[in-house]
Amino acid sequence: MKLVIDENRCKGCNLCTQVCPYRIFSPGARANRKGILVPVLDRPERCTNCRLQALYGRTLCGVCQLTCPDQAIGWVSERPYEPVRIEVEY
Amino acid sequence: MTRIEFMQGNAASAEGALAAGCRFFGGYPITPSTEVAELMARKMPKLGGVFVQMEDEIASIAAVIGAAWTGKKAMTATSGPGFSLMLENIGFAIMTETPLVIVNVQRGGPSTGQPTMSAQGDMLQCRFGSHGDMAILALAPDSVQEMYDLTVKAFNLAERFRCPAFLMADEIIGHMRERIDVPDRVEVVDRKPFVPGRLPFEADDDRVPGFPTFGQGHHTHVTGLTHDARGYPVTTDPAMHDALVRRLVGKVEDARREIADYRVTNPDAEVVFICYGAPARTVRQLVADRPDDGIGVLRLRLVWPFPEHALAEFPNARAFVVPEQNLGQIAREVERHVRVPVIPVSKLGGELHTPDELARVYEEVRAR
Amino acid sequence: MTFTDWLRADRLPHIWCSGCSNGTILNCTLAAVEAEGWDRDRTVFVSGIGCSSRAPGYVATDSLHTTHGRALAFATGVKLAEPSLNVVVFTGDGDLAAIGGNHFIHACRRNVDMTVVCMNNLIYGMTGGQGSPTTPLGALSTTTPYGASEPAFDLVALAVAAGANHVARWTAYHVKELEKAVKTGLETPGLSFIEVRAGCPTNYGRKNRIREVTDMADHFRTRSMLKTKYDRLVAEGKPVPADAIVVGEFVRRANPAMGVAP
Amino acid sequence: MRRELRLSGFGGQGIMLAAVVLGRAAVMYDHTYAVQTQVYGPEARGGASMAAVVIDDNPILYPKVTDPDLLVIMSQEGFEKYGANARPDALMLLDRGLVHSRPDCAYIEVPATDDARSVLKKVIVANIVMLGALVAATGVVSREAIERAVLDQVPKGTEDLNLRALRQGYVRGEEARR
Amino acid sequence: MTRIEFMQGNAASAEGALAAGCRFFGGYPITPSTEVAELMARKMPKLGGVFVQMEDEIASIAAVIGAAWTGKKAMTATSGPGFSLMLENIGFAIMTETPLVIVNVQRGGPSTGQPTMSAQGDMLQCRFGSHGDMAILALAPDSVQEMYDLTVKAFNLAERFRCPAFLMADEIIGHMRERIDVPDRVEVVDRKPFVPGRLPFEADDDRVPGFPTFGQGHHTHVTGLTHDARGYPVTTDPAMHDALVRRLVGKVEDARREIADYRVTNPDAEVVFICYGAPARTVRQLVADRPDDGIGVLRLRLVWPFPEHALAEFPNARAFVVPEQNLGQIAREVERHVRVPVIPVSKLGGELHTPDELARVYEEVRAR
Amino acid sequence: MTFTDWLRADRLPHIWCSGCSNGTILNCTLAAVEAEGWDRDRTVFVSGIGCSSRAPGYVATDSLHTTHGRALAFATGVKLAEPSLNVVVFTGDGDLAAIGGNHFIHACRRNVDMTVVCMNNLIYGMTGGQGSPTTPLGALSTTTPYGASEPAFDLVALAVAAGANHVARWTAYHVKELEKAVKTGLETPGLSFIEVRAGCPTNYGRKNRIREVTDMADHFRTRSMLKTKYDRLVAEGKPVPADAIVVGEFVRRANPAMGVAP
Amino acid sequence: MKLVIDENRCKGCNLCTQVCPYRIFSPGARANRKGILVPVLDRPERCTNCRLQALYGRTLCGVCQLTCPDQAIGWVSERPYEPVRIEVEY
Amino acid sequence: MRRELRLSGFGGQGIMLAAVVLGRAAVMYDHTYAVQTQVYGPEARGGASMAAVVIDDNPILYPKVTDPDLLVIMSQEGFEKYGANARPDALMLLDRGLVHSRPDCAYIEVPATDDARSVLKKVIVANIVMLGALVAATGVVSREAIERAVLDQVPKGTEDLNLRALRQGYVRGEEARR
């Protein structure tokens, strides 16, 4: 599992930076196209959810996700390595 | 098959509603409409329907709208002061295309006025009383029989157009008891079902969308804000608003001819009475008393949308006389459409025009 | 499924300001209905008008966004007409307690089986920051430019006095507790009322020197006092800070209720 | 033929009920037409109550009673308000014990309340006695019709009392016709 | 002497009210009228007046009426949904002859509609929205200056007739800022004092009774029921009701000519625009852009009672064009009074008619 | 002067039915204002719509008989605009607690300095006997033909929770206690709420087997329990009869109030 | 002082018969013109008010008056005997 | 001469304030006429904010800006929504750091936000820098007028900062005219 912030939704309130017990979020520095400073993730693999969610089959902390007022925080599954065939057209 | 009964007007309206399939009544007592609620309180539970007395009229119409979205046919009954309070949510029902029926047994206004006396003072209010532009359906019974029949019709129109329909009765008709033939079965129209795959507020050619009943997995968003076909709020797009309001108004107003419901007597007449509700009884008496005079009568059963084309049924009309228990509310509407004199005969205070009074007006107008 | 499956993704991002608590409270409520295993097809969200009342528009169920203050009256109609539907109401302090106060106390009295989540930001957010019936004495708003001079409602006390079967208060900071309180509400037959203290950085925060969103969260964290502790202090005659936000469950009872599915 | 009736008395006498019963009798059992109307309102509480009935073989258009040809008056105040200016060719039935004045038109004195008290032991059925007298004296509806209508409208358990009251009224009505 | 200011329309209305002597404001916030309340909240306390934010619009108008009976000049401000809620008590104010002013900054309806967009959809609602027959006074400003001036005028009319007066503004005029000349002093009309010895609701020749302010020992009973000249309820006397309602309506409607307030441009015109509120700005632009066309304009500042006689100021009119931000509400009224075509130019959705749009309509009508 | 000097003699007899408690409650209230030495020229009686709300029409002062449910909102306007006027509100259970519920709780919250006398006859008298929000479970009315099924309000509890400074309950039987309670109300700055259980023989009594007026008085006498006794029973865990009418003073406090004359 | 019932106002509810500690009121037997049975007074001079009101200058019991829902009970002053000159015109 | 301006940016930049200041400057200190309008509403919250000003020597009849001849654009989204289809003969002032696109009409790049941040140490006054640039570049109102109007509208204690911002804007505007 991989922690992600949906840039389209995040409004830069920084609540996630405040609530994560592992301080995984820190305030962003560079404004995006909408002028929003999206937080940056610091070693998200420390996140309880990232580590253990798959193992236990349920959300284990999720405080940042529950808190995020903009529904911008989520987890995407990281698939194991799969070779991808690339066709190159000349 | 019909069954003869001796029934009060308000009771007949309640019976008509139940026959039309009404299974939710939310109301708040007010003279002279209370008997509608009281009969519902007795009968609804036996039919598996819901009667609830709400905390006020605002809550009543709100609950009725809520119930309607669960698929129920729903109604309320009130009179002037309560009707005034309902107006905001009537606008909501129009905007959200919620079918429902409101019985207004009219009493003397303005304000608390004459709670126990008859009037027809809310005829323009029901048309223009909520903020913004809109269209509604309004029927006006002139007998206990019509309290029944037109309540059924109100439900059918409300369902067909997904628009509030008003039974604009008056205290005289609501409170009087008379003979009525109660039919075994009545013709019942149900709201058009929602077709999955379409958008919740996507209208058909008749400009009416199918009804996405709550609880069936359609996940419909219903809002009083200007919305798109998905039901989502879009409040700063002028074109969206324009199209929505014109559809809501047009679906009803453009059906004017098709749904018109009026009675014509003596179309050749030069003097024509236009009437609805209790005063129509006097007009009919006058015509019966003077069979040779060929007095013209246009009796409206459906008042809104106003059947302006019906005026053309009297090609020889030299004058239209409009007896009303108000200061000429429908007479105003008639004035918009005709070029001959329109003579309002306003009677305020609760008493019915007498045949003599109308005879005098008739003589006078004929002599002109 | 997680609570995010209850969202209308096609409507996000929502209209709420950055840092507004409404989104948080929406999450917690959806997490509770999801945890409760409710069926999206049989659940209806109802609201009035206000920033908070926009919440149902973001939930992928049937939703009824009504007129200002009337949510509970509409919801009563829905629930009594079809008790098998689950009904949750989102409302704000203005919507519920100003214009909607009568429906509030009557819904509690009838004890209609539904769950009411009030996003109490102590202000009218949607209309730009006017005082509400919960604005604390002295607080600034556009209609209390010299500080609010009217006493404020204790919404929890009102709900209890009016008859609700379950009453709780939390803040938007207490996401887990809130989720749990809502879940208890869903499970309690009769009306469940959950007041959630919410931050409105745009209007309340800016005018009352809680400018940063994270300051508001701190405010909630530091001012909150568990009801158990509060009761203890009161019993012992000890002082309670004037600005304490007493959080916890205030009542859970089994009085007669209406609209309970058979 | 169109007959217009007006009934008046004070609250609690059952004036309204009497009017409803009459209309019901005409419509349901005589198969004619009838319209019943009445005065509502709290201001009417203390004072005289009033109800009206129109009965006709043909459908009734104008539903109101303006100048009744039959009057049933059960209180002095009712007489003053609704009976005093009865038209000369009208017929009035009045409760002998309660109405002191007498009209200019023809009238029948019915000791309805006295009979109800002394013969039937229930003042409450004075209105039914009056109805009986009215029917017997005028035939405005048939006896069968009024009996069935009374039975339809009165509380369970009081049927017999009410029928007896009706018959007592018949006797009074017949007396008057003689 | 005047003072130049750059001011928002809503603020100008509040300033006008204060200048007219308003010392009580009871309101409930609603877009796009809220700024009126917000300014009152700041200024009232400094003038010794009272600002109170009530629990809803029903309470707001109720408090305003209560305050008016203590002798205060009182007002509220709202928009469509709030206006709908006020209607019952507006009827009460009419029935009890309570002077007060209501500012309605109109937004897009029906229902919640378009909260931040402009409309003129409540023009018939303000006239016919409460139950029963009645008359009211309604003004429509087309500039920030008129937001000020006509608010003053609304107070003066309300006081003179003891009747609610409405400032029927629209979001465009309410929200825009422009130059305004604030006068040093304004002409102020006060309600006619009560003459001891007379009955509390005994009217003079102008059909307006003197005002028996509470607290001065008059012991007046004020009721929304139909009442006699003493103010005592008389609810079943038809003649009493008839006389009362006709007086209440007549005192305002019969003053129609005297109080009419409109502006005429090019009375010889064949094509005449009738306008009020924001669309009047476009009409005036059109006329300015085409000085040689002699386009006729009847611009209404006082819309109700409708100055029907003003239509006669255009003896050559072949058609009346009525641009409105609604579906032709005042156009309906015009239709009652003229025999030439009435062409509503309805623009819904919140945008102002552009000069080009009206030019096109003008060309078309002229070519007919 | 006696309280009878406060009556509009030209309007008597009033419209109330024989044995209706409204007349009694009117007497007691007028006796209190008279005892308080209030000036008839500076006192305003306000009401909504209902039998009870006709009361101001019988008082020889300025009186404002408003719309159904809105008395307290009108009264708030009167009092805030002119705090030097004394304001008393007469209302009924329907007027106050059904349609008027919101103004009720808000007037209590604002703690506007006036006295509110509610003639609670547990029914809508004026409209012919429909159930009200105080109709007890099981009681008959024209809209509860099978017995009332909605829980009823405790008006006193609501007033306390909403913030009124003085709250009491008596019955029409307790004329002296009632007079005294009203007097206390007049003297207490802030809102005073006095619920008076009232008999409506015509509608409530007839349908609920309390047919005789004197039976209703007996009912009030025998069912009433002083708050002090009630509190004692509760504290001791002893049972309280379900139909007890708890009478007495429930709260008297000095919270911030509005509209208090300077 | 003399206890009186105003027949115009009394509606015959009999509450006075119930509340007076001296049982001065008893239910009336004969209906008046409006059909109302106005209570009759049994030796009203026993009434506290009648006896002592003038002495103490204030209302001393008044429970019946407070209770009477129809404002029908009151006291009129009984004046001492005064000769009255009667002019008779022929 | 009638001049129509449109200003756009994102919430918090003070677009509305800039428009009001401009209108105020024209009316109160240049003694001309001006109308200021803007877009309200919660839907506008997240997105681009917009305000408009008409300035004229004569009274203004039609109050709206349909096709502005002057544009002040302070965000990319604002450009896309309100600036992209500016008419060819218009002049646009855009915030160099925040607007990436460039219009077809004449334009001036003003480093308003950069200046506010680096020179004035307060990003919040970027709008005032922009106003200064606008006035210097176009003379739509006089410098004296804009200065007095700014002083009227800004919070106490920030007068100096705002005046400096305005002057920084003049510099940028003058640069552009060269």
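Here the chain labels run A, B, C, D, E, F, G and H in written order, and each chain numbers its own residues starting at 1.
The criterion applied here is as follows: a residue touches a chain if its C-beta (ideal position, glycine included) is under 8 Å from a C-beta of that chain, and two chains touch if they have at least 3 such contacts.
Model, not experiment: these values are computed from the prediction.
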Please state, in steps, how far chain F lies from chain A along the shortest route of touching chains. 2
Check D-G against C-E and say which one is joined by more contacting C-beta pairs. C-E
Per the centroid of Cα atoms for each chain, what is the distance between chain B and chain E, given in Å? 29
Computed distance of Cα centres, chain H from chain C, in Å: 41
Approximate Å spacing (C-alpha centroids) for the pair chain D, chain E: 54
Which chain H residues touch at least two other chains? 39, 41, 43-44, 46
By the touch rule stated above, which residues of chain G touch at least two different other chains? 11
Residues of chain C engaged with two or more neighbouring chains: 13, 16-17, 67, 99, 101-102, 106, 126, 133
For the complex, give me every residue of chain E touching chain H. 4-6, 31-32, 115-117, 171-172, 175-179, 278, 281-282, 284-285, 288, 351-352, 354-355
Could you please specify the touching residues of chain E with respect to chain B in the complex? 58, 79-81, 83-85, 87-88, 91-92, 94-96, 106, 108-117, 119, 121-122, 124-125, 127-134, 223-226, 235-242, 245-246, 248-249, 326-327, 329, 332, 335-336, 339, 347-351
Per the touch rule, the chain F residues reaching chain C in their complex are 99-102, 105-106, 109-111, 133, 137, 149-154, 157-158, 160-163, 255-256, 258
For chain F, which residues are in contact with chain B within the complex? 49, 67-69, 98-99, 101, 124, 126-128, 130-131, 133, 142-146
Listed in rising order, the residues of chain E that touch chain F in the complex are 23-24, 26, 50, 52, 54-56, 58-59, 62-72, 74, 88-89, 92, 212, 214-225, 232-233
